[in-house]
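Each structure below is given as structure tokens.
Look for chain A in each of the two complexes below; its partner is chain B in the first and chain C in the second.
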Partner chain A sequence: MKISKLAFVFLLSLLMVGCWDNTDLVDINIVTGLGIDKDEDGKIVVTVQIVEPAAVHLTSSSQAGSGGSSQTKPVYVMSYKGETIYDALISMKAIVDKRLFLSTNQILILGERFCKDGIDEALDFLHRNYQSEYRADVLVARGTKPEEILKIQPDMDAIPAMYIKGTAENTVIRAKVEQKKLIELFKEIKNEAKQITIGQITKVDDKTVKTEGIAVFRDGKLVGWLDQYQTRGYLFVTDKVDNTVISIQIPNGKIALEIKQSNAKREVKFKNGKPERLSIDIRLEGNIGEYIGKEILSSPDDIYKIEKMLSQAVKKEVTMALEKTQKDYSSDIFGFGELVHKYHPQYWKKAAKQWNDIFSQLPTDVKVDAKIRRSGLIKSPMKKDD
Partner chain B sequence: MEKARISGLQLFMLMTGFLLGSRLIINPATEAKNDGWIAILISGAGGAILLTLYTSISLLNPSRTLVDILRHQFGKSLGNIIALFYIWYFIHLASLVFRNFGSFLVTTTYPRTPMEIIIAFFALTIIYAVNSGIEVMGRLSEILVPIVPVSSIIIGLSVVTTHDFTAFLPVLENGIKPVIKASLNLLSFPFGEAIVFLTIFPYLNKKKSLKKITALSVLLVTGLFLYIFFRNIIVLESNFIDQATFVPHVTSVLFPGINLEPLFDVIMIIGGGIKIISTIYAAVMNLNQLIGAANYRKFTTCIVMFSVVLSIWVYENIFEVFHWAGNIWFYYSIPFQIVIPVILLILSLVKKGRSQNEGT
Partner chain C sequence: MFKRIRKHLGREKQENNSGTVPMNADDPLPQSIDKVKEKLEEFFSDCSDYIQREIVCGEDNDVRILVAHIDGFVDKKVLNQDIIRPILDYFSCSDRPYRAKYVYQLVKSCIISNNEIEEIESMRQAVYRIVSGDAILFVNGSKRALAVGVKSPHGRQVAEPDTEVSIRGSREGFVENLSTNMILIRKRIKNPNLKFEIIQLGTQTNTDICLCYIKGIANDEIVNEVRRRIMKIKTDAILDTGYIEQYITDNRLTLFPLVGNSEKCDKLVSKLLEGRVAILCDGTPYVLTLPYLLIEALQTSDDYYDHAFFATFMRLLRLFALFISTLLPALYVALVSFHHIVIPFKLIITLAASRQGIPFSPFVEALLMIMAFEFLREAGVRMPKTVGQALSIVGAIVLGEASVAAGIASNLMVIIVAITAICSFITPPLIRVTMLLRFVFLIIANFFGFLGISLIAVVVIIHLCKLRSFGIPYMTPFSPLTISDLKDTVIMAPIWAMITRPRLMLQGDTQNTMGTKRQEVNKISED
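On to the complex of A and B.
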């Protein structure tokens, strides 16, 4: 009796593991990239990049040299139109054979037209659906369509989405594009005190894309772009620079300085209950990474000179970013509004609606304090002694 | 009453698990947005007062369970009627937790499994646990409940590295009203629901430490609520918190590298499980005493079945669940959690005073 009971429990525990609807890997389409755009009629165009795991393996092994003549493509790209994102994704079954599995999505590419019409409400599906991958990277396609981006066939990686994600991720060492996860985008959409920014992606050729610069939004609508240097200025202000390399001109040559650490303090100075100016205080530390020149660096004074020039260079980039967003786009992408909201809630209640215009009128104080700590393996530049 | 005893530690764990319950899944004090911490502090203080009330009642009526106390203080017929209402309240509470539990798992982890199946399998375990008696429940919570705070704290520690520590500013932006509303809500769910424990208090082996145990439990739970609140607001910011259906689940999704969702499911199953077990046990024991049957186990299955069915029928959709939990539950609970206990305390004090006078 006891043994049969135990056996029953044992059997049950074997039977009851796992989910209600077990779906095998061969029965799903693994989505690695998602593109969303609008066509001329205002319909949503959804593009998916689907991976064929077996073919990925084939491709990589043929690259290794063993060779396979009858290989299929590792990825397929499919587009379909619909009224909403969900509608398009489900209707896409007309041209796609298996269930679309979205949880593996790595990147989300938004089209220019889609962004210009406003993304505030349009991304609801990706927020609501349980399969949505909140950690996917979001990028805006500039001058091209998302499907064109997803259709590239890079040599570096069998799966284009992974290649694109890689380029966006390595912003930690170059600070030229903002890496934005889907969940961070949702937070920004909900946040009325900071305008949305998303990294931009452009197509170079059929094998290459470039992720450089950011797209600037105002009230959820795409209003313009920042180039790579302005983007770095923006990243300096928002304290998102980890590592980067800044080149500065010196009288007899060039120096490339690697930034190792940067801390920024933002503040909105108030006077008589009204915002008076925006102050930005940046402290950064770096090393000499490359020096093409003749003068020998020997005394601390030489280093102080370079530190000053570095401060000037960073200040210039920050000022460029501030001017562009204030004058051209009138969009507070730096989140100064958040500071007003937090520390001056009374004023914020009145000013929240016009904050972007108020922000555009405020004068700015940029202070940069750069320190250079080390000079690498050699002290002096590569040159013959005179 | 069973012939059983539970230790102080076991009662502490049972109580902590009960109070944490499903509140770890539904963010505490969501209505107050970034002032939630004030609401949590207020409700923690209120919770301490409520639990002092309940423990005082229990200590004034030693080794009597809820039905006994009601009969003793209100007289047999009125006591029986009030006891019936209480039993209904406990069943309703259990069904609410069942439904919360089911909706959470269906929304996040098992989107294609019917909710009825999830709840039903959960109910089978509950029946088994309740039938095993209060001692087993005590030991069960002794083993399982420590997992809940420990894993919550670990989850919190691994997100503190980045993110915005000033997210709780500005203080009282929308005035005190939403804060009061949130704190009353949190006061009735979970602190006031500890009225269930009037059935369990008599099993404690050392009556002296009863007040100390409950006070410690309220302190720990309030602390954890605060911790969870700050964790969520630092990671998600206040705008986001009132939008997500199950806030901590979103927090778990944000972890770089690993998937922590199962950990949240475990927390939910332990917290919700302990809560339903205690509630069902109270309902079953009281019903048993009311009718005067010999063995309470006969009622367990039918009461669990009843509350499972109720949990599925009573709410049409998830918005009704949240509307009930957020707006109606508090008013519905006032007589059970505050009015009747206060009357009970006064009556007990009067009776005690009278008997002392007679004694001297």
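On to the complex of A and C.
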């Protein structure tokens, strides 16, 4: 009897301590986009994009139905300044009513000025915080502030963050921007042998953004940019191209080639215990996606010709990317350092600190072997002979 | 605490009993018919349904026979045809000699044309036979009386039970009449090994309880244990097998049913063939089956009549439904109140949008909706069938539409309660268990989220593993694991592959022979 009474009291006390973190879904602010930047004085500016769920439903249903303009905006964008990121986020409650819920964060936009000073600070906070969403896409805003990017009002999606995430995700079919998840950054920031790259985002107008090209970092600090073609060269080398389209000029016409598969082999050639050359061997397979010309593509020779041209085009892009990173940025974003670390650990121990400088001095061999598999459903071009 | 209550109640009962029993127990029958008459009239004073008739016939009117019975309980046609007419015919013909001394023997063996005759030696027995519907013949000068079974077959026709509907298989359900029920079982098992043991229970009602099992298949220990527990019941009334169930259950403090019940004949027969013991009770169509295992809640008779693939799929579906009906509202509340992190992004927006503007917390909202549903269900059960239609319309509108439109409940909550309700009807034996557990899980989910849910789930599972039904662990064959018995659980083997009977029910030496016998039969039939 005594024990049962004690157990009852114990149970009652359990009821008292319960539900301390019981928060209703309507009592949190669902954050879909997070922007981190610095202002001129070096203060941190944190921007959040908050979703208004009811308004999202209203806009999506009204689009489907009568098409009437919705009264409430589906998202709010709020910015706040603080000494640190965490400080800014917490102090932001001065202008935000409910708890900020970061686990739904879809995109993280870093400002150019912030990146130049190093992104370690942001990564530290986001890794430490249990709420942060590791699968959020990270992008660097070029020529604009993260705030401006998050404030766009796209027509394509009620939530701007989803729109931006979509453009970053579809890199799998165009290979012109690198999609980087937050969790990948956590891993790569500690890697000495490979420098970080993050996709870049630019604002086109109030409704559209563009994700093309990448930002190149060295030791966690932004050093420069690669444009879309250099980016594709970089992706070819790092074996991240799934699908893309390459256009080639031919006499009297153009060809668009659809790359279906690409495999790259990187190698650092050593001589006398020192790295001598960087060699890159790319094999790719593609189909003809569009052809504007006169010749009929019937013989294998015609195909060989096109294959050769494709190889040249890819090689050009790869060389451009290599030159830019070696000469201008001297940052080993391709991960040649990893190969050295793996196969020549003794040498790596000595050279790890100066590897980026050594890398930028090395000559490169680029070999591209392109194969064309299919010419599409038709053989001859649609254009009639003159 | 329960002991104290029981003691208290016991005392009251004893006091009651001592005052009302008028019978002076084992008095032998008086030889003189006048004395018998006197005594019976005393017993049945103020019983307007009691009828006695004295037949006086013979050459010198020396044959006096008293026929006593309850009006309406016996079939009057049969009574006249089998007893009164033959007696009168026999003794009115003067060419048939008799001696007054042997009238009793004569009546017993030559005159009465009814087969169901029994000799009675005490007054107590005589009175009991009268109230159970037999006609009693007292012959003047004899120490014994004759009880003749001329009970009229009253009661419902055999019909399809409302509670257990099956798509295939027999549509015969049990009725209130015990002998009809016994016939229904015997019809399906034409074998003298099928035993019916009748036991009378209830000091006031004298209800016939029938213990039914197949000798050689049912475990003798279990049969003895069931018999022992039934004998131990001390009560003045048994109105339903539910009374017996509560007396003989192993654990009186559990939510889970430890005794099965059924209204369907084919289902009961298959249980008997698996080695279970059945308890029938006069006056109720519900038959108890023992021992009862948790897995039986997932089994239906249709499973065995159909292809094993479909049966397996249905079993999985039922298991899933069982989990949904207990856990879904709790999981929803835990997700919405605590674990926003695990909700996918697009779902969280939908959830938040549906919760917008609801004044209650998810817990209160869930509680309100589930309560509303339970009210509706209970009302639906208790209401006259003609009003049921109106109720279901009101319920659908109130629950489904109006509460959402009024902003008291979210759309999603209505869906969740609806799914929960549908799933709870899939496993009928556990409806009440899941209903209570649902509330327990819901409350704990509101305080501790997933942690609380898993905690209670562990407690429930431990409880289930601890339960026993007549010595058989409740979770058999999962715990303890009996691999050969897994053939008829969540994944069901086809009927031709179920060669052995459930292991735990059987006696040690019969289990193999039964199996091999069946195999042999199969072989022979194949040849």
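Note that in this section the second predicted complex is superposed on the first by the 358 of 386 C-alpha atoms of A that agree within 3 Å, B and C clash if a C-alpha of one lies under 4 Å from a C-alpha of the other, contacts with A are read in each partner's own complex, and residues count from 1 in each chain.
Criterion: a contact is a pair of C-beta atoms (placed from the backbone, for glycine too) under 8 Å apart; a residue touches a chain by one contact, two chains touch by 3 or more.
These numbers were taken from a predicted model, which means no experiment stands behind them.
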Original post:
Of the two partner chains, chain B (first) and chain C (second), which one does A:F101 touch, if any: first, second, both, or neither?
Top reply: second
Original post:
If you stack the two complexes on chain A, which partner ends up touching A:I30: first (chain B), second (chain C), both, or neither?
Top reply: second
Original post:
A:V51 contacts which: chain B (first), chain C (second), both, neither?
Top reply: second
Original post:
In the superposed arrangement, which partner chain does A:N22 touch: chain B (first), chain C (second), both, or neither?
Top reply: second
Original post:
Who contacts more of chain A, chain B or chain C?
Top reply: C
Subject >> Intersection of chain A interface sets (partners chain B, chain C) >> reply: 19, 21, 131
Subject >> Complex contacts: residues of chain A adjacent to chain B >> reply: 16, 19-21, 130-131, 134-135, 183, 186-187, 190-192, 341-343, 345, 348
**OP:** Could you please specify the touching residues of chain A with respect to chain C in the complex?
**Re:** 14-15, 18-19, 21-26, 28, 30, 32, 51, 53-54, 56-57, 101, 103-104, 106, 131, 159
Original post:
Of all residues in chain B, which touch chain A in the complex?
Top reply: 107-108, 110-114, 117, 121, 166, 169-170, 173, 236-237, 239-240, 243, 250, 253-254, 256
Subject >> In the complex, chain C residues that touch chain A >> reply: 336-338, 340-341, 345, 348-353, 355-358, 361-362, 446-449, 452
